[in-house]
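Here chain A shows up in two complexes: once beside chain B, once beside chain C.
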Partner chain A sequence: MMRVVSAQNTEKLAFAGLWLCAAIVILPVLGIIVVLAWRGASALSWDLIGGGPHSLLAPIVGTILLVALTGLIAAPLGVAAAVYLSEYSRGGTLVRLIRLAIVNLAGVPSVVYGLFGLALFVVLFQFGRSLLAGACTLALLVLPLVISTSEEALRQVPGSLRHASLALGASQWQTVRRVVLPNALPGIITGLILSIGRAAGETAPILFTAAFYSLTDPFPNSLLDPILVLPYQLFVMTTEVPNVAPATKWATAFVLLAIVLGMNLVAVILRARLRGSRRW
Partner chain B sequence: MRSSIARAWEWLIESAIRLAGVLAIIFVLLIFAFLLRDALPTFAEQTPLSGLLGGHEWRPTSEPAQFGMLPLILGSLYVTVGALVIAVPLGLGCAIFVAEIAPPWMREILKPTVEVLAAIPSVVYGFLGLLMIGPWLADVFGLPIGQFAALGSLLLAFMAIPTIVSISEDALRNVPVALRDSSLALGATRWQTIVRVIVPAARSGLIAASLLGLARAIGETMTVLMVTGNAPVMPRALLGFLRPIRTMTATIAAEMGEAAHGSSHYHALFAIGLVLFVITFLINTVADVVVRRAGGVQT
Partner chain C sequence: MPDSQPENILRPPGEIKLETKDLDMYYGNFQALTNVSIAMPSRRITALIGPSGCGKSSFLRCLNRMNDVIEQARVDGQVLLDGRDIYSEDTDVVALRKRVGMVFQRPNPFPMSIYENVAYGPRLHTTARGAELDEIVERSLHAAALWDEVKDKLPQTATDLSGGQQQRLCIARVLAVEPEVVLMDEPCSALDPTATFRIEELMTELMENYTIVIVTHNMYQASRVSQYTGFFLMGEMIEYNHTEQIFENPADKRTDDYVRGRFG
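Then we have the complex of A and B:
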């Protein structure tokens, strides 16, 4: 009898510990969002977005341009790779190696992507420190995520649709192009939004490939110009530039977090609606 | 009949798709090749073991310049070990909670929250650490400076937790229901079932989750650059956690902007990048093998 009671007490204690773990993980997230929203939103003003030194307009535009170009480069490569894995590959050593490579690509430290981008795009391809070099570097960084989310979307398409198409005499490519891809498209786009949301918050890969700090000439004129971006702006204002008003820093941090979390939210909502509206 | 042009077009597209399929392999090899190419001059100039990896002095701009990586390697080790001490118990606890005992409403809150945790940009963590948390901790514990190794560990822990939670949770969920039910039917409490049956059965997945959390922590850059004080010195025993240090990643980020292209300094920073790449490659590969041997969980 004694033994049973103590086992139950142990269980209560242990479960309380597990609840505590969960609380410790949740609370800081809420804390970060509340603190940034409170101090950041109150510091945000039209002046700060519109003009003047440390206006947020240029870094916001720069971030959008960078992220859009990243998506444009990563999407065709990632989706094609996912189509190969989901529709064409037949398992075996090659696929095993590809998956290992994807895991490793996802695990390469972001600053090492920065070094690679510097050596390949900035120096060897002579893009210089530019929007283009930064987007190429970030495209590589998000490629594993684009591949895995796209592959998942493709695999969600039921095999019966493929078989029906093939049975009607369509070739494999026609089946992929007309049946599988259109059905997987919403899922693929959700994954893409998630991926470029990740790119929007990255700093280390663009430190030496794209980002710069300038008060006089903040907007790029071509793909080969360096750009202002929110994460780098926040980093520079916090660590290197003296005498930046605290309100400006908080507002920058808030806008950055809002953009990144906003993109994630869009992806989450899309994913939820997708589950609800599936026809099969 | 389909025209031969259509056939040629189709052949072209399918070849492109096959090429895209192996792109991941090509990129991993390319990254390795480019790091190696720009790191090699350093290995030629310095004695690799005593001067480079084992050297105690990182003074890239003094005359003569010294490129001893040991302080940076130890810096990374301190911050990472500290992060794991916090993140592994919390992450595993959280995963067990979500997979085994959380009521559904709690699960609905927890899973998106952990995803948000993963989405917060590292520069935002650094910003908060530098402006708020660091000064506050220094005040409370009477530290001389609000930028120190343990602060980096604390923030990194929260960046590693989402990785640990999501992979561990998958592993726990993959434990066959029959095992759980048999244990409960034998009269074990839910906690006894978790400790003696479920966790041992999911062991490989939990180890892999911790390894991937480790890789994530070693590679993190901006947060540690901003909050650990930027001091490339040898950390001293346990006190080192409360003093400024500098990691490998932070060194690359801090110094590459000033290193002239092709200089010894430039190549030395690529050598650090190469060391980082090799470390994370090994950890990720081992984690992948562990997971696959366990059979099933996709990382």
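Then we have the complex of A and C:
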């Protein structure tokens, strides 16, 4: 009898401990949002995207352009690589090398991506400090994430569907295109949005490759123009420009966070929607 | 390794559709099939029986080269379809699988509509679209004895059908490609008795136009539907003969033990 009671107590203790740890995970997220909203609220008005000297319109537009272009570059590359690894490769040295490269790419600090992007895209390819160079650099940064989430999504598609297709005389490519990819798409898109959402908040990779600070000519006219972006805007406002109202900085941070969380939310909703319609 | 015993391997009379000669198969270092040589007659049902792991499913997958999909699987010997070796260099595997269709153990409809499942093969292999494609879909569903049950819900998702209906849909999907041979890998093992009965009825109907090879765990099923039966044990073909012969008067003691339920 004693043992049973003590087992129950241990169970309660374990439950409480685990619950606490899980709750602690939520705290920073909630904390960041609440603090930013509260501090930024007073500056959060339509004036922010209006004409003022610290208007966020250009940085918001720049961030969206940068993120979209990053996605356009990273998606085909990453998904194609994932399809190769998951559907075509049969092990071997090359595949092991590719996987090793992906793992290592994921571990490279983001500032190194920035310097690499500067050397390769800005200088060597002569893109200059530009939207294009920044998007290429960010695409490299998110590529490992896009590949691994896409591969995971592809692996979720049951092998029996591939076999059914092959046994009907479909080629490998027809099987991939008509059966595997459509069924993996929800997972791939979700992974893509989450990966790119992460890129939206990165500062170091765009520091040398895309971002600039300008009050006179903030909008890019071509892919080869530099852009204002929220993370860099925030960085400059806090370190270099005097006399910026603190509330403006808070508001900028809040808008940046809202964009990133918004993208995550879209990904989560999309996943729930698309998952619901698929069963096997 | 003892040789397979040729005296217990019948060569059926009439036209031979599929034939294996000294077929060996390996998964890495494991030998799954040893020296299997049997001839499967045209427009008949050949059943392959044997205990789990005896190699009968591996053998079946040699016949449409589905083993190619499995890493480390390797095949030696010949598989002749209408006298031509399907393992020869110049074989187009895609064309082969169009001629030799396969129904799997578990129903595996695509998560698409009933219509799209059946239309999948014809869309790949023919230019039929619109009314012409509708016609193929209807004909295939009729042939698989499923039309009356699904004719009003063709746009619905195939995965909403019952297990037995799903399996008949998979058969319809194979028939839509107009194969010459249909391989069935324990097609009823996931189905209830009623659904099993319907599939067995269907097989007998299909025999008029197709050569059928079925792997089954169920000896009663083999005796009910097939004309020829082969008994596999440990990767070898122990005995191959008319189905009645195998079940009523087998030549090999091991066959006798198995069909009388003494092991396996």
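The definition used in the following text is that the second predicted complex is superposed on the first by the 247 of 280 C-alpha atoms of A that agree within 3 Å, B and C clash if a C-alpha of one lies under 4 Å from a C-alpha of the other, contacts with A are read in each partner's own complex, and residues count from 1 in each chain.
As a convention for this text, contacts are C-beta pairs under 8 Å (C-beta built on N, C-alpha and C of every residue); 3 or more make two chains touch, one makes a residue touch a chain.
Values in this document were obtained by computation on a predicted structure and should not be read as measured data.
By the touch criterion defined above, A:N183 reaches chain C but does not reach chain B.
By the document's definition of touching, of the two partners only chain C reaches A:L161; chain B does not. Contacts of A:F208 after superposition: chain B is touched, whereas chain C is not reached. After overlaying the two complexes on the shared chain, residue contacts for A:S171 are found with chain B and with chain C alike.
Which of chain B and chain C touches more residues of chain A is settled by the count: it is B. Looking at the shared chain after the overlay, A:A14 reaches chain B, while chain C stays out of its contact range. In the superposed pair of complexes, A:A253 makes contact with chain B only, with no contact to chain C.
Judged by the touch definition given at the top, the superposed model places A:R90 against chain C, while chain B stays out of reach.
By the touch criterion stated above, A:L105 is placed in contact with chain B alone, chain C being left untouched. Across the superposed pair, chain B and chain C both touch chain A at residues 171, 174. Interface residues of chain B, counted against chain A in their complex, comprise 2, 10, 13-14, 16-18, 20-25, 27-28, 30-31, 34-35, 37-38, 89-91, 93-94, 96-98, 101-102, 106, 109-110, 112-117, 119-124, 126-128, 130-132, 158, 161, 165, 189-192, 194-195, 212, 215-216, 218-222, 226, 249, 252-253, 256-257, 261, 269-270, 273, 276-277, 280-281, 283-285, 287-288, 299. Against chain C, the residues of chain A that register as touching in their complex are 90-91, 158, 160-171, 174, 178-179, 183, 278-280. Residues of chain C touching chain A in their complex: 64, 66, 69, 71, 94-98, 101-102, 104, 106, 108-111, 120-121, 124-125, 157, 159, 170, 173-174, 177. Chain A meets chain B in the complex at residues 7-8, 10-11, 14-15, 17-22, 24-26, 28-30, 32-33, 35-36, 77, 80-81, 83-85, 88-89, 94, 97-116, 118-120, 123, 140, 143-144, 147, 171-174, 197-198, 200-204, 207-208, 231-232, 234-235, 238-239, 246, 249, 253, 256-257, 260-261, 264, 268.
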